[in-house]
Structures are given as C-alpha cells and as structure tokens.
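Here the chain labels run A, B, C and D in written order, and each chain numbers its own residues starting at 1.
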C-alpha cells in the first residue's frame, strides 16, 4: 500500500548531503558579455524569449524567467557634462539566489522544489504540477512557470538548477564555466564566502567605497531568507540592481496571518452561537 | 526615475487565472455555510436547525466545482495528485489541498446524514447515511471548513506580492468574507423555505455580523497595506472593488438587513434574499479584485522595495 | 585604442582583466564609452578619426619630456639613421611630404630614403607595397648613422620636429580630449615602460577602417619603439582581428596583392616580367627577405609540381600579373559597372557587410552568375528578391547558386588566430544533407575544371592543367558518410613544404631552396607539419612551467610567440631586467635561449659585427633584432614601404565636420576616392551632414549577422538595429529613447531606433559641439531578426596601403521619424 | 550538512513536516549531464572572432549534443563568450541551408538542385567566363595571363587549407586576380 503510494507519487529516498555548492558573482569583474545567459540556454536547451529591444541600455532580457536563468543587468550611471571617469556602467549577472531558506521551496505543495545534496534549490520536473505558488512567493522574482502550451516543459516551474545534472559529475555549471572574466565563480559556498570577503577588502582598499556583498550570512539581507548560496559583490546599493534590502520569507509572518484568520473564524462561531443560543 | 533597475518589477506576476478566486470564493462559501449549519445544529432552535440544515447541502454543492477549478489552474493538471504527495502544512497550498480533499467527503457525508435525518434520503443509501457519526463529522467539518475558508487569504499573504503580503489581515478578511457569504447562502436557501421570521432574523443577524466584521477588517487591511493597496483602491479594479465588493457586497447588505430587521413575511424574505445575494456576489468581487489587483501590485517596484525594507 | 576588446574579444579581454587584478592599468581611448571603457581604469574620450593626433601627442610628450628608452632606441631603432637631403617633412610643406604628385595623387618616395650614394638611393626607389613592405624594403642596409642623435637629418631629429606641434593643447583641440586626461595617459605609459616594465597597445578595425589606418598603427609602432615596448613580453601592438582565421586568410592569403607568406604578387606595372626580375626586385640584399627566391621557387614547385622547371621559370608566367588595383572595393566598383561577370563568395556577405552595401547589391545584379557558399541564406544570396531596393526578380539576370557548407566541427582544418597561432580543429560529425566543406567545393571545382580543360594545349591553360591537385585521401575514413572529402592534412603538408626528390616534409623554412629541390605552399607556415603524422597545429599540450605555452598549437614563424624577441635582451644579450626576462644569450652554450623560440639566428653572438659585404641577415650585427628589416632596426621613420608618407601625420577623415587644425592639407593626399555619381562624399564641414557617424559591433551579434541573426539565443540579446546618440543630440532633435530616427549620408539613408545614452558624448571643437552617431552594423534583411544596414551609409574609399574603406569616421545627418 | 545549508532555519516540528526528510523523484536521483555518455569529445576552435578559443564538441550517435569551452586551452581555459557559447545553435539549426539552391536568371524562386549538377554547371560557367575574358597580354604587350571578369571573396572564417586552395586554383590555375577576403574589410 505504502509502496504503491510511493510509486504513484514518485517518492524516493534523497541522496546523502554533500558539501554545499554555490555561485559568487563578482560584478566588479563583469564585462556584460552575456556568455552566461547563452551558455545557460545552450546547456539547458532553453528557448529564446522573443525579439524586442527594451531601450534599457544593452539589456534586452529584462528579467529572469522560466526560460532565462541568467540575466545580465546594465546600469548606466552618468551625470550630464560629467567626465568619463565619473561615468559608470555597472553590469551584473543575476541568477537564482538558492536561498538557505527558500520561499519557493517552502511554498511548494508537491515537494517538487527540493534542496539537493549540494544545498541548492531545485525544481524536479517530473513532480511539479505547475500550481504556481512558488512564483509570487519568491522575493527576488526569479522562478516562473512556463505557459501551459509551449515547446519547453510546458506548465511547470523553472529556474536555475545550478546545473544539478552537471554537479552530479563534478562539472562546473555552464554559466560559471563560460564566464570569461571569472565574474561568476562556482565552488564550495564556504570557500566562496572567504574569497568574497577578501575581494571586498581589496576593492575597499582600492577606493571602491560603494562595493558591498549581498547574501552573506552576516548581511541584513540574510535576516529572513538566510544566506544566499548564490551571492553577489555589488558596486552600489542592492536596490539599484532590483534586489530587495531585506528579502522577505513569507513563512515568517504566516502564523500571525493564520492567527487573524482563526480569530475571525472563532469570533464568528462565538457570535453565531450567541445569536442562535439566545433564543434556543 | 525608478528607485530600482529601470521600472522592472522586483517580483514575478502570479500566473494564476480566474479559477483561483472562483475556487477561493466557493471553498470559503462552503466552509461558511457548513459552520453556520453546524452552529444552528448545536445552538439553534428546532426551526433554526431545520432552516440551517440546508447549509450542509450548500456546502456540499459549493465543494463540487472546487477540485476541478483547482486542477484546471494547474500548469500540469495531469499531476494534480502530486498535491498529496507529501504532507507539508508549511505550504498553505499543500494544507489547502489536504483540507479540500478531507473536507469534501466529510461535507458530503454530513449532508447525506442530514438528508437521511430529514427523510429526504431513504433506502439503502439513507441507511448508510445514518451510519455517519454526526457529531464527529460536524466537529471535523467545522475545523476543516474553517481551515478551507481561512487558508486562502493566508495563502495569498504568504507571497511577496505587496497587496497581499503587506497587511496581516488578508487571511482574516477572506475568512470573514467566506463566513459572510456562507451564512448568506444559508439565509438565502432558508428564505426559500417555510421558516419562521425569527429564524430568518437570526440568520440575517449572523450574516450582518460577518459583513460588519468583514468591513472592519477590510478597513484595517487597507490601512495596513498603505501605498501597496493602490492597485486595488485606484486604477482599473477600483470600480469593481468599491462598488462591487464594498458597496454592493458589504454596505448594501448591511443596509438591507437593517431595513429587514423591522420587517416580516414576504418583505423580510425578499430583503434577506437580496442581501444574501449581494453578500455572496460581493464576496466573489472581493476575492476577484484583490486577486487581480495583486497581479498589478506585483509590477509595483516601489511597493516591493517598501515591503522588503528592513 | 581603436578596439572595443571587452565587447568584441571578450575571452581575449580575460587576460587584460587578469592583468588589471594584478596591478596593471587599463586605458581605453575611444569615441564611445563602451563595455571596455566601463572596465578600464581610465576612459579617455577621443573624437572619431583623430587617433594620429592623439598618438602624435604621446610621441611628442615622450620625446620632449625625455621619457624614451635611450638604450633601446639608440641600439634597436633607426633613430640614428640619416635621411636623404632631399627629404621634406610634412611640417614644412603644409601636410605633404616631398615627392607628391597631385595629378596622380601619389608619392614618389625616393626622397624619403636614407642618405647615401645616388646608386643606392635609386635602388631604394621601389614602388612595391602591401604586406610585403618589409620584404620589398629597399632601404639601404647600412645607412649612415649618428649615434648621438644630434644630426638634424637624423630620424630622431626629424621625428622630434615632425611631432613638435602635437602638444596637449593641440590634442585637446583636435581630439576633444581634455589635456589633463591626455597627460595622464602619457604619464602612465611613460612610467610603465623601460627596463622593468612594458605596455601593450591593442587595436582593431577602429584603426584600420580609416583612410590612414596603416599610419595610425605606424604611430603606435613609433610610440612603442620609443618606449622600448617591441619584442618584449607584455609589450607590442596587438591587432585584435575579427574572424576565426582572418589572420590565416591574410597569411595564405586570399588577397589580390600578395602571394602566400607575404610574397608580393607579380604585377605588370612593376618590373616583374620574368621570375628573375621579380625576385631581384622583390628580394632585398639586407635582412631575412633576401631569402625570398627560396620561398618563391618553393611556392611555384608546390603549385606546379614537376611541370615547374628552371627552364620555364618554374611556371612563373602561369601566375597572373596584376594590372592595377584588384581589391574588393575596386572590384565592387567594376562589378557595379558590369565589368565583372562571375563572382564566387565564400562565407562572405558583401550585400550587407561591405562598404556601400547598396552599391554592392546593385553590383550583384550586374553579374552573369554568382556562387554563394554559406551555412545560411545570406543577404548576398538573397539579393535578387529580398533587397530593400525591391527589384523584381524577373529584371535580375544573375544566375545564383547557394551552396550549403560545413561549420568547423564538420571538417578538419586549421585556423590562424589573432596571435598568429595555428590551431587545428578535428572533424566531429559529417555536415548535414548536401552541405560540404569549402575544401570539398574548391577541390572538386578544380577537379572538374581540370577535366573541362583536359587536352588543351593552349599555353594559358597549362597552369591549371599542371596544378598539383592530389588531395583525396588514400582511402576514405570509414567513419564518415561523405567519401570524397579531400584530406585536409594533405593540403597542410603541402603548405608546410617538402623535398621534391624524396617527398619528405621539410622541418622548417630554413631548409627551403631556390633551386627547385623543395616545394612549400606557405613559407611562413613551414614547420607546422614537419613529418608525416606530426601536425604541430594539432598539438594540445600544456606547459604550466612556461607561460608562453609553446606546445599548444603552432605559431608562425617557427613557433615564435613574440616576433623580434631578440629585443627583449639588451644589446649585450642580457635581459633588460629580471622581471622582463624572455630571450637571452647564453654565453656558455653559445646560443640564444629563453622562454620562446629566439627570433634570431640561434648562434649569432650579440657582439657579432655586421658583415659589410654579406647578404641577408649577415648584414646585421648581433644586436640588430629586426631581422626582416633591411637594416635590422625598428623603423621610427619608414624610408619605404608606405604610400602615404614616412611618418604618420594627422589628416581629417575623407568626410569630416571640421577642418584640419594642424595642416593646410585636409585629408589623406593619397587615399583612393571613387568619384562616382552613386558614391558622393560630403565636403569638410558640410552643413547638410553635420554629425560624425561611426560603425561598430556589439558582443551579442557578429558582423553582418549571418552567424548570429539565425541564432535565437543571440538574436534575443540584441534584437533590433539601433543608433546610439547622446542626450544632448537627442534633445536638440526632439528625439526620445526608442524613437524611430533616420540617419543619412550622401549615399543612402537608413531608419532605426534611437538609443539615447550618456555613453555617447559631444566633443567640443573650436567653440562648437560635435555630435557622434554610433551605428552597429549587424542587421539585414534575412535572419530571425532584421533591420537596417549601417553599411548602406558607407562610401567606397581605400586606404592607400591596404585598400580598406573608411567607416569609422564619416559624416551624416539625423532626423526624427522613419525614412519613408 | 549544516542547518544553514539545509535551509529551513527556525522551522518547528510542524513546519518541518514534508521538508525533512524530503523525498526526491526518480528522475532527480538519476539526473546526469547529457555528455556523460557522449561517444566522443572532439577538440575544435570557435568559428567566431580571432581569439581562437578552443572548444569541445560532444558527439553522440553522430550528432552534436553539446559544445563547450575546452578547459585545457591556454587561450580560453574553458571559457567562451556568448557567441562561442552559442556555437551549438550555429550548427544545429533548422534554418541552415542543407540543399543546393539554384535560382535561374530572371526566375522568382529558389529551386533545389543536385550537388553534382550544380558543380558541373559552376565549372562550366567559370570556364566560359574565363574563355571570354582572358587577357594574355596588355595592349603594351606585357604578358599578364589574367582575367578580371571573375572575382572571389572570402573567407576569413575558413581554414587556411581552404584559403590556400582558393588562391592556388583561382590565381595559379585560372588567372583570376581579384581574390579577396574579409581582411580587406
């Protein structure tokens, strides 16, 4: 009976945990070439999302989505009549953050979203039934569902898998492998964090005063979603990159919201009992 | 000039379509009707019990389209059963699926046992229905029904959509709306049968209490949501929200009940029925407008930043 | 400068980025703030077309502030050489050098020669040119020198005078670059050069696609020689070439004015009527080019095999003689006039990618037949029905073939990259359907033509009939479906060269002979296949202990990674510094050793004196590193080889909104214009075309788009044609971001969307602002994404030395709205 | 595995239901990179710019299944730019021309023709044009043995062996002088 249920529900014993893997995306090294975007699409055989110019600098991708798992942002900062030296063109390759406390994973009703043995967050395509709850749950707007009628894995949720398939063979994820300037670094999360702290120190010493890390355990952005397994070195405030200051984990406030709901229910029951009981 | 990256939204627009608010509405209505019926069974007079007993039928009937609606909204409807792959109360969606799955048979059983007790259901089926442990079903049904009525708002709130997540009260609001519509449905069906005016008055009073509570919570909700409420209170959903959900769905029924409070007979029946229809419709309008405006809210970069400020 | 490396060579840019992390300073000098600028330590804006003024300013700074590397300059350059008394510098002649003939718009360069007896001066007066300039260098092998550099006729003094007016103020005026920024660049370069440090300059078509492109590169060469940055690790001038094997197709070459390995192509307008005269004219007594006869005869033996004998000049007469300028641009003009009947296009797209694309398309309609060979339907293949001109197919007579071809993993073959590195790529799969490799097409076309001509006794057909053409493998590889694929390695073995008698591969070009006993297809590549089964281009061995990585691929010549690397050691043969140690003289072993293959006779000691009576590099001393040069020295001043002057001089582009601030002469006196009705060029300061327009590429697309616009992953990243303009220009014209605009030149007009960005800036010039319009040229009328073609706006013109059009600086007008 | 890595910090016993232990699917357990069982990985060179990045072309059942940067290369060390990373689609693409297309003079459409026929026809056209335009001597009597009525253009994205044969055939064999390529552009 239980076996039949497990078979029907595709339930298997998860593998034993291994060292956590992640990305350190150092935007100070990004040249905006978008190799990561294409390498990702190539490896994962993702379709293009359409052909329209946005007019927003060189970013014609716009945002991460069900079939875009790396996205390079282009932030032009310049003053009128400013010299070239004051001008900045920030580039940043955005990706799923693989949060320690992942809102999408917590929202998932089917267990399609799992934390893998590498500590990453992964959508199991043979489980996901496309309920769509993970989509608004993500505080970063990463995960999305493909249209129900489409050529690519229709109707299920998608996002960066941190190349789960490649990790199984100790291969570097496609984006990090392709990155020509090591802006995307892949490795053991702990080691990457050490590297990131060191790098930040270097940049601060060089006078890059606005440089900061985003997604480290000590950062306030980790308050709810926890440290990010794909974290960033930014050259400006997180909002400039569309990153929330303190990304929310919905579960944190859920009890309270249930409480209000229950209170209303109980209150109504009491009122009802009172109204009916008065004459009864 | 946008604070963030051009005017791109921070969070993703929900992919859900009309089936979801429709399901929330019906599920809530079912839970509310069941609770009202159960309250009458346990606390009401014989008239009340007779009048409100139809609430079980309402609950069962309202549940019929729920599962199909929920399944229809899935990206992969063929995998609907994965909803029950694990038990994960942390996920309101999972909790809801389990609740719907368990509440539906309970509600049907209770409706059947009620039908058997009123003689509507005879023969072997009736005999079977009489075997249903009424008290247990009632208790279980009330808990499940309330959960079904109450989780939907929490589900929406358990996201990062500013309109849904900013206030603490969306769960309570949907619960109140569910109870209002559920009790209204009971009133409505009672009004079609020969029940004493006093019972109708009492049912109307319960409904009014729910509507008044809903009104109060809505006010709190809007206040708490602050600027995040703008897609709902202004813009293209403002009209259906203010006129439909608030005006026709809460204020009008309250007014009608106030008028009905001093009436009897036909007038009372007409007024309570009209109020009930308004409440039920308003409940749908509330769910639909908040749901749809939530999608617009997802595109509000500033509201998202606001929501996620430390 | 002249390159947008981060965007167009992103993986190449990996290395400057690494260097930056290790403390190097990256400077980007460019009209646009590009992705390269964003990553550079210093971004320096410069008005498009003013590069020589900028570089001249740097040269002047280095000279006047005594920042030049004296030991290097005195020993290794021709700074001390004395120039002919007849020489008149452009400074003293309104921007023209001596020897200018306004009628033919050309120079007689006799007066630019080193001072010497009349007879030798005459020997110098060659008209040879092109890539073979070094080989044909007639400069006197041991010119008179003044090592104190004080002689007013010395190159050093001429140089000083020539650039004296290229002051920071002048740079600011001409280039629009703030003086402070310019001086920063000058100081960084000066401080980062010398014994311990080197600086490198990277350029690309931002320089070459100007009417004085070669001279811009020359200016960089002068600067690098003065700073001691040539032949040394971390130094040099790096041409960032744009195509997988464009270096290879230049070396081999498929260029009209050259034979393989930069041998000058015989021409009827030179004294090339016999092989002997050709070789006498082309080979110089001094320097390595004295070996030219060995290379030429070996080439003829490779081509004509046994039919090439001493009696028939080794088949020399079967090689056609040039009768003029047969370059792509000139041929296009002739084609438009109906003078060309047949056209074979291998992986090219002139209907979109070449200058004056509209005229190119018209030219295609004048052909009798055209063969396009590509993986995709190009604009060129589709001109007869899809061109924007809207011709009715019924009115187009051209017979058109589109042959499907193979991509690199579908065939064996060798690419030569931008570092002269030959890398072999192995066949992984068969090409699909009827697609065949270009090698297959050329081989089987040749085979068929030989059949068609078989039996002909007409002398003019004998070249074809005698052409060695035995490339089919002994037995086809059973793995592949296509059985008649020629053996690529057989071709490469011919390219390497072999002994005629016993057909053994020659180990390198040192073993080639002028007596017909050796054959060699491309002498500079000799050594790539020194023995059967030993394909050096296919080597993929890492050498972690040596960053030069000598066992990865094969760099010509002779696997040398840095040319003239003798200059990495001081005249005594010792490294200039420990930090910059590269190649040095090992006195104990009596030979040159180091990280790289020494680009110098292996056992020639530093103290070896020049043999006054010798030939070739015996004429050079042991401290003359520039072995290809007749005098063994790096040329600050080019006494020969260039058609537009011995020293780079600032001229304005052929189309410019301003007049030349430095000279009376406005633009290049010898650049070729094509004065045709359909090729109007707007005059300087033309108010109808007040803006500068420059064309370029972006990372996400590739040239005319054939290799990227059929690719959805790339197309979605850059989906539409756009023009980049500054907010100032946008405001002046009432244009908002993404508005449609129309850009026009006297040739044509195109419409596209405006991308308004502060990355574009107006340049102040004499109190006015000069605006620049930036146009990527990736779009066309075929592909997943389509758009207007920037090359429609470009004029036919030719830089005089290398025949390249000017499209990095033109003038245009701009208006809001669509073109129709 | 540290709690932080596993995620779900601060979850109570109810919250952990369904999260720990967290079942996986068969597909997830069996997940593997598609190149694990490739028949071969063939070294190649990127067809785009001249940096010369080395690539590995993975082949299974005579089809390309993946193209990536070659980590052994001292030039790119496994990295690629977006164009290089898209090489797979450059080759495996439904828009590729895989038949010989022919458009007769004045015709308004392409037609597919056999490869052999096209090759014969092109050889004939070359011969005809050459015959009609060949110049042995200039009016001044200089031997030139050339034709200017045929021109070739290309190819900078082609192999040196191919360029060599083009030069050899068209120049040394046929007397064509206008042999040019992208380097001139």
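Throughout what follows, a contact is a pair of C-beta atoms (placed from the backbone, for glycine too) under 8 Å apart; a residue touches a chain by one contact, two chains touch by 3 or more.
Keep in mind the model is a prediction, meaning the values are calculated, not measured.
Colleague: Determine which of the two chain pairs, A-D or A-C, is joined by the larger number of C-beta pairs in contact.
Modeller: Per the contact counts, A-D leads.
Colleague: So the centre of each chain is just the mean of its C-alpha atoms; given that, what is the distance between subunit B and subunit C in Å?
Modeller: Whole-Å distance between the two chain centres: 75.
Colleague: If you average the CA atoms of subunit A and of subunit D, how far apart do the two points sit, in angstrom?
Modeller: Taking the average C-alpha coordinate of subunit A and of subunit D, the gap between them is 35 Å.
Colleague: What's the distance between the Cα centroids of subunit A and subunit C, rounded to whole Å?
Modeller: 46
Colleague: Centre to centre, by mean C-alpha position, how many angstrom separate subunit A and subunit B?
Modeller: For subunit A versus subunit B, the centre distance works out to 33 Å.
Colleague: Note the residues in subunit A that touch 2 or more other chains, in rising order.
Modeller: Residues 10-11, 33-35, 37-38, 42, 106, 111-112, 127, 180, 251.
Colleague: Return the residues of subunit D touching two or more other chains; collapse runs of consecutive numbers into ranges.
Modeller: 11, 15, 18-19, 22-23, 67, 76, 79-84, 86, 89
Colleague: By residue number and range, which residues of subunit B touch two or more other chains?
Modeller: In subunit B, 85-86, 88, 90-91, 94 touch at least two other chains.
Colleague: Mind listing each pair of touching chains for me?
Modeller: Pairwise, the chains that meet the contact rule are A-B, A-C, A-D, B-D, C-D.
Colleague: Okay, in this complex, where on subunit D does subunit B touch?
Modeller: The touching residues are 11, 14-19, 22-23.
Colleague: What residues of subunit C sit close enough to touch subunit A in their complex?
Modeller: It comes out as residues 6-7, 10-11, 13-14, 17, 33, 35-39, 42-45, 178, 181, 698-700, 712-720, 722, 727, 737-738, 753, 755, 757-759, 761, 784-785.
Colleague: Given the complex with subunit D, which residues does subunit A contribute to the contact?
Modeller: That would be residues 10-15, 17, 20, 33-35, 37-39, 42-43, 99-102, 105-106, 111-112, 114-116, 119, 121-122, 124-127, 163-166, 168-169, 171-172, 174, 177-180, 189, 217, 226-227, 229, 251 of subunit A.
Colleague: Which bits of subunit D are touching subunit A when the two form their complex?
Modeller: Touching subunit A from subunit D are residues 1-2, 4-11, 15, 18-19, 21-29, 31-34, 36, 66-69, 71, 76, 78-86, 88-89.
Colleague: Along subunit B, where are the residues that touch subunit D in the complex?
Modeller: For this pair, the touching residues of subunit B are 85-91, 94.
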